[in-house]
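In the two assemblies presented below, chain A is common to both, partnered first by chain B and then by chain C.
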Partner chain A sequence: MNALRIIGAFLRLNVQVALAYRSEAVVQILLNLMWLAWELTSLAIIFANTNELGGWGPAELIALLGVWRLVNTMMSIIVWPNTEKFNQGLRDGSLDYTFLQPANSQFLVSITRVELWRLWDFVIAVVLIVVGLGMSGRVATPVNIATFLALTVSGAAVLYSLWIVMIAVTFWFTRFDNNVTILAALMDAGRFPAQVYPFWLRLLITFIIPVAVATTVPLQGLRGELAWWEIAGFLALGVAAVLLSSRLWKAGVRRYSGASS
Partner chain B sequence: MARPASPAFGANGTPPIVVEELSKTYKVTDREGGFGAAVRSFFKRKFKDVRAVQRVSFQIGQGEIVGFLGPNGAGKTTTLKMLSGLLYPTSGSAQVLGYTPWERQAGYLRSMTLVMGQRNRLAWDVPAADSFLLNKAIYRISDDEYKRSFQELDDLLELGPIIRKPVRNLSLGERMKCELAASLLHRPSVLFLDEPTIGLDVGAQSRIRAFLKEYNRRNGATIILTSHYMADVVALCERVIIIHHGELRYDGGLSELSRRIAPYKIISVHLGGCDDCALESYGVVLPGEDETGKKRLQVPADQVPAITARLLAEQPVQDLTIEDPPIEDVIERAFNEPLRN
Partner chain C sequence: MFQIFRRLWALNWAEQWQYRANLLMYLLFWLVAPIVYLAVWTTVARTQGSVNGLTASDFAAYYMVLLVVDVLTSQITIHVLAPEIQNGNLSNRLLLPVHPVLTQVLVNNIAFKALNLIALAPIWLALYLLFRPALNLSVLYLALAVPALVLAFGILFLLGAALTLVAFWTTRVWALWNFYSAVFMLFAGHFVPLALLPPLLQTIAKALPFSYTLYFPIQLILGKLAPQEVAINFGMQIVWLALACVIFRVTWRAGVRQFSAVGA
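And then the complex of A and B:
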């Protein structure tokens, strides 16, 4: 209950920041539309030469682009801005105050900054998913849709946990400007279905930096391609990731407290 | 361990802050300068222990304002960080309001505050008023409490219109007022202030001092303050704790410190028609004159009456004043001379 109140207070704060930087919001939205045009153009180029990619047709890839953008939107609303804030806090010491507030510090570093105007990207993502599915002629059953939503949430939780792990690891090392570079780099791999990549890269993006878990997997759920035990497995992975990352975070905070001066 | 029923007031008479043998040792990499040393250190790292705080013990009573003094690197900030719960000590113990600080229990965090003059806790791009509301949510301050608290801080600090300007547009003094207000909205009963007046102009410094004094008077808050401005210490602290190289050097009254460490007074005399009278026989002649052309003599405190009488009898004295040695000198001496109480 109090968590909601804190989220509300942070949101109000961030709405004001967003309003203070209106022109930046407009520029970002325009840039985002240009990226969308580029992504769709590159899909058009690919499918001018072939009918399918790793067993996926053009309509399905548009839907996948939508799911990928859904996850990316979460990253750009919360993860990237808070990474910047976190690294800045480590540098100038303002992170000290975060640890002295009577609220969960992982929660606080996750929601300090929210890029609200990015919410608009959600709309684009949902449109892409709906259009892609419509073009493919598939009809998603309510069960498929529920599976998709659950797997998207759990996939997002896995990526979020991975982020927590990466910034928590910063507590053990003094260099911190590149703590999330690998996560950012591999996010791009999620634009295409995991099946198109060579085996080693597929392993990497499914298990090590599990971008595919948040993109390909939910879409497979939407298309009804996953067995129940696979669904259960991926959901369990989400829960496990959240629990493990919060333990590592706590250890990191203890380490920070031991080392800073 | 049993906690006092009402920790804020230290039931059964326990002082709010009890520190015993507190120590903190940092491990830092140790290498010489230069390229070769850098390469060697890459393969074989040498570590060195830095003893930032060594077996420091003290107690601070309800409502006391204590000045925590020492040169840069003496261990002041490290001690404050341990007491606020940010750092784990290497050894020793501390109880603040009945809590062990570094366990960081919510109850503890809600009843104390740490203010660091060089750090910024307010959101940069929005007015301070919005950061206040955030703290209201985090510290679970009820609407009524918030209103009362804010009103009081507004009265004392004259926040007025400054809380509606984006923080980045505030002057340093205005920002510090807002930082203090944000740190005190939850009415902490223990305050750790690490150089709260640093960088402020003289007027702003004295306003912050007046505020702290009044906050302490109204709320009975216990305050530990570090500052390099002796005016802060003289205005606020009857008691000072001096640490140097991580060790406690002195713990006691500020005036007592003067008497013990610098048992002398300064006699300033203005002599008519005698530019080079031999004043050496009266005491140590301090170099330079003050702006009015007075000569300054340092004399043992217990001989002041006798020496003054001699001066008046033997020299063409036009004006004479007797003063305590400047507090900066006393503190400076206390840092450098071995001293235990």
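And then the complex of A and C:
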């Protein structure tokens, strides 16, 4: 109940911020539409030269683009803005106040800043997924859809946990400007199915910076390509990631000693 | 003048060297897209033997050359100059008896480029061994590529600077830069060798400066161009350099007149 009240308060605050910078939001939405046009054009160019990419057709790549945008939206609504806030807090010591609050600190650093107008991106992402599926002519069974939703949530949880690990590590090594760059850089690789990449890159984006777990894998679930034990494995990975990262976060917070001390 | 450039070089080299960790991160960011596109196109080429006559190792060669050409010709002017315009630091530079963009900003770009190239070398070698491109370099084409690369950097530097100068009028210069980058990636040959674009997009690419700054040097180094095409492309580079010069001068003059530093 308390958590909901805190979320409510932060949302109100962020609505006010969003309203103060209305024209900025409009510009960003237009830019986002431009990138959408770019991404669809690039798919059109690819499929003007081939019928399939690593066994995936154009419709399925549109759906994958939707899933990738879904994950990216989550990153840009909460992860990137809060990283900026966290690093700044670490630098100038304002993080002290976060830890003094009578609430879970990991929860607080994850929701302080929310770029609300990006919710619009969610709509685009969902439309892409639905259109892509419709075009593929595949009738998704309820089981497939449930699998897809579960895998998307757990894939997002894995990326969120990795982010928590990356910023928590900053408590030990105080070089904070670049703590999440590798994650941000590799997000781009999620736009195409992992099967396309050479072995070493596939290894990197599946196990080390698991972007593919949140993009390719859920879509494979939707296509009904995964065995039950694979699905169970990925879901277990999501749960394990959340538990491990929150333990690491707590250990990191115990090491925190403020900016000036 | 030479003395000025030497001092600026020492200063900027030291500054870039200080931020070497940032530079590695920048490099990482920038590397992902070409490697992804390389993977996409080699996959396509492998499934059907070749695309439009290009085999998987042709694509590998194209992108391996692209990595080097892109570092040599790209510019970071907006990152250097836009903050100075917005926070008013430019005032100090305007008091100096030399053009701030054509000295300080230019040298800063070149220092960044030099350091970038050093950091790229081992990565490039590793990628070469991983992708095994069919690279047959000839001394003649490499020698011809030198003026092509210098002209390309000149065009992109002046255009990038002119775009950054829009910060004199609006704080939304980054949105504009975003748009510029998207157009560049599509029409310079960053996403795909331009020969694979649909005819309409190829026509647009020919009307824009970007294909002459990236696609042309790459094709030149790969030895894919007939002598006549080389001549035409060099001609277009010179035309665009002249145009970029004019655009830059006009925006600079108007912008400085418009400029009233923050707090003034």
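The working rule: the second predicted complex is superposed on the first by the 258 of 261 C-alpha atoms of A that agree within 3 Å, B and C clash if a C-alpha of one lies under 4 Å from a C-alpha of the other, contacts with A are read in each partner's own complex, and residues count from 1 in each chain.
As a working rule, a contact is a pair of C-beta atoms (placed from the backbone, for glycine too) under 8 Å apart; a residue touches a chain by one contact, two chains touch by 3 or more.
On a predicted model such as this, the values are computed, not experimentally measured, just so you know.
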item: Clash or fit, chain B versus chain C on superposed chain A; value: fit
item: Chain B versus chain C as contact partner of A:A146, first or second or both or neither; value: neither
item: Chain B versus chain C as contact partner of A:T181, first or second or both or neither; value: second
item: Touched partner set for A:Y197, first chain B, second chain C, both or neither; value: second
item: Partner chain in contact with A:R5 - chain B first, chain C second, else both or neither; value: first
item: First, second, both or neither for A:L244, with chain B first and chain C second; value: neither
item: First, second, both or neither for A:A189, with chain B first and chain C second; value: second
item: Superposed arrangement (fit on chain A Cα atoms) - minimum chain B/chain C Cα distance in Å; value: 12
item: Footprint overlap on chain A, comparing chain B with chain C; value: none
item: Contact set on chain A toward chain C in their complex; value: 27-28, 31, 34-35, 38, 41-42, 44-46, 48-50, 52-54, 175, 177-178, 181-182, 184-186, 188-189, 191-192, 196-198, 200-201
item: Parts of chain C lying in touch with chain A, wherever the complex brings them together; value: 21-22, 25, 28-29, 31-33, 35-36, 39-40, 43-44, 47-48, 51-52, 130-131, 172, 175, 178-179, 182, 185-186, 191-192, 196-198, 201
item: Contact set on chain A toward chain B in their complex; value: 2, 5-6, 8-10, 12-13, 16-17, 20-21, 92-94, 96-97, 99-103, 108, 254, 257-261
item: Chain A-facing residues of chain B, complex; value: 26, 52, 77-78, 81, 84-88, 102, 104, 106-107, 109-110, 114, 116, 118-121, 123, 125-126, 130-131, 133-134, 136-140, 166
